[in-house]
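Right, I'll just put the structure down here and ask away after.
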Amino acid sequence: MSFMSEAFKYLAASIAAGLAALAAALGNGKVISKTLEGMARQPESADNLRATMFIGVGLIEAVPILAIVVAFLILFL
Amino acid sequence: MSFMSEAFKYLAASIAAGLAALAAALGNGKVISKTLEGMARQPESADNLRATMFIGVGLIEAVPILAIVVAFLILFL
Amino acid sequence: MSFMSEAFKYLAASIAAGLAALAAALGNGKVISKTLEGMARQPESADNLRATMFIGVGLIEAVPILAIVVAFLILFL
Amino acid sequence: MSFMSEAFKYLAASIAAGLAALAAALGNGKVISKTLEGMARQPESADNLRATMFIGVGLIEAVPILAIVVAFLILFL
Amino acid sequence: MSFMSEAFKYLAASIAAGLAALAAALGNGKVISKTLEGMARQPESADNLRATMFIGVGLIEAVPILAIVVAFLILFL
């Protein structure tokens, strides 16, 4: 029965990693697209927007990176 | 039969971590993109908007972080 | 059969915690983003908007926090 | 029972790779389409927008690439 | 039991290839439609937009192509 546990390990890691990828890409895509929209409308405040974009990307990626860590923990534990 | 329980543990942790990642990224993405939109429209109130953004990100991440804690509890309990 | 019950415990807690995270993040994200939009359009009423935002966030997080409590109860009961 | 584990391996790798592809394509699609929109509206700031686009694409692809790595790890581990 | 593993192989390859196709089509569709929109609004910058479109399509297809590679690996491994 130990192989059953092994099998679910793979499935679990893929769900965690896949959802984390989906999450980070959707969140980052939204933020970066708004940054580009703002830069096109007001080119003079491009630096300010880009700085806030990096803060935002960092905040968004915090939880998906934790989910990737959970995926690796599941695989190698 | 104890291995069955082990197997579901991995699956459960991945669901909790994956959904938490999805949640945090979607919520943060929405808030930060609106902040950027507001900063592009009114650059003079950028500091005020960025401060509210950090409050908002903190409020949004509260429940996903709890879900990550549940994921770790499931893995190591 | 007792181990099967144990297995479903983990799965149930993860679904409750994950969906609670998703719910709170989506709800808060919508409310806080509209607050930011309103603050950018009318900076003079920023304090009023931020106060209402906190009431809204509190009301939104009530049920997800209860779901997290249900997740902990499932795990430790 | 070892073949069951093998079977789930394939399923897991496909879920991780598929969700990563979905994530990267949706995120990149949003960012690049906004870049094109901005370039059509303000052709003079096209270089600035394209540079930010490349930064954004790099940031978005970070977590999906990690999910692809998880998929390969699952297949060849 | 070896036929079970064979069966899951086909299922897994189809999920990976299907999600990759969905991903690439949605991402490319968004980008190319925006290119056409921009070219209709500003016909004089059509060449510039078309060049950025090709870069964008290349960037979007990177991860789905990797998912297709995973699908072939699953089938022929």
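Things to note:
Order as written gives the chain letters A, B, C, D and E; numbering starts at 1 within each chain.
Note that a residue touches a chain if its C-beta (ideal position, glycine included) is under 8 Å from a C-beta of that chain, and two chains touch if they have at least 3 such contacts.
None of the values given here were measured: they were computed from a predicted structure.
Looking at chain A and chain E, the chains in contact with each of them are D. Grouping the chains by touch while chain B is set aside gives A, D, E | C. Closest to the middle of the protein, by Cα centroid, lies chain A. Inter-chain spacing, taken between the CA centroids of chain C and chain E, is 34 Å. With each centre defined as the average position of its C-alpha atoms, the distance from chain A to chain C rounds to 19 Å. Each chain gets one centre point, the mean of its Cα atoms, and the points for chain D and chain E are 10 Å apart.
If the chains shown are joined wherever they touch, the resulting network is a simple chain of contacts running from one end to the other without closing.
Per the contact rule defined earlier, chains pair up in contact as A-B, A-D, B-C, D-E. Residues 1, 3-4, 6-8, 10-15, 17-26, 28-30, 32-37, 39-41, 43, 46, 50, 53, 57, 61, 64-65, 68, 71-72, 75 of chain B are the ones that touch chain A when the two sit in their complex. Only residues 1-2, 4-5, 7-9, 11-16, 18-20, 22-24, 26-31, 33-35, 37-39, 41-42, 45, 48-49, 52-53, 55-56, 59-60, 62-64, 66-67, 70-71, 73-74, 77 of chain B touch chain C when the two sit together in their complex.
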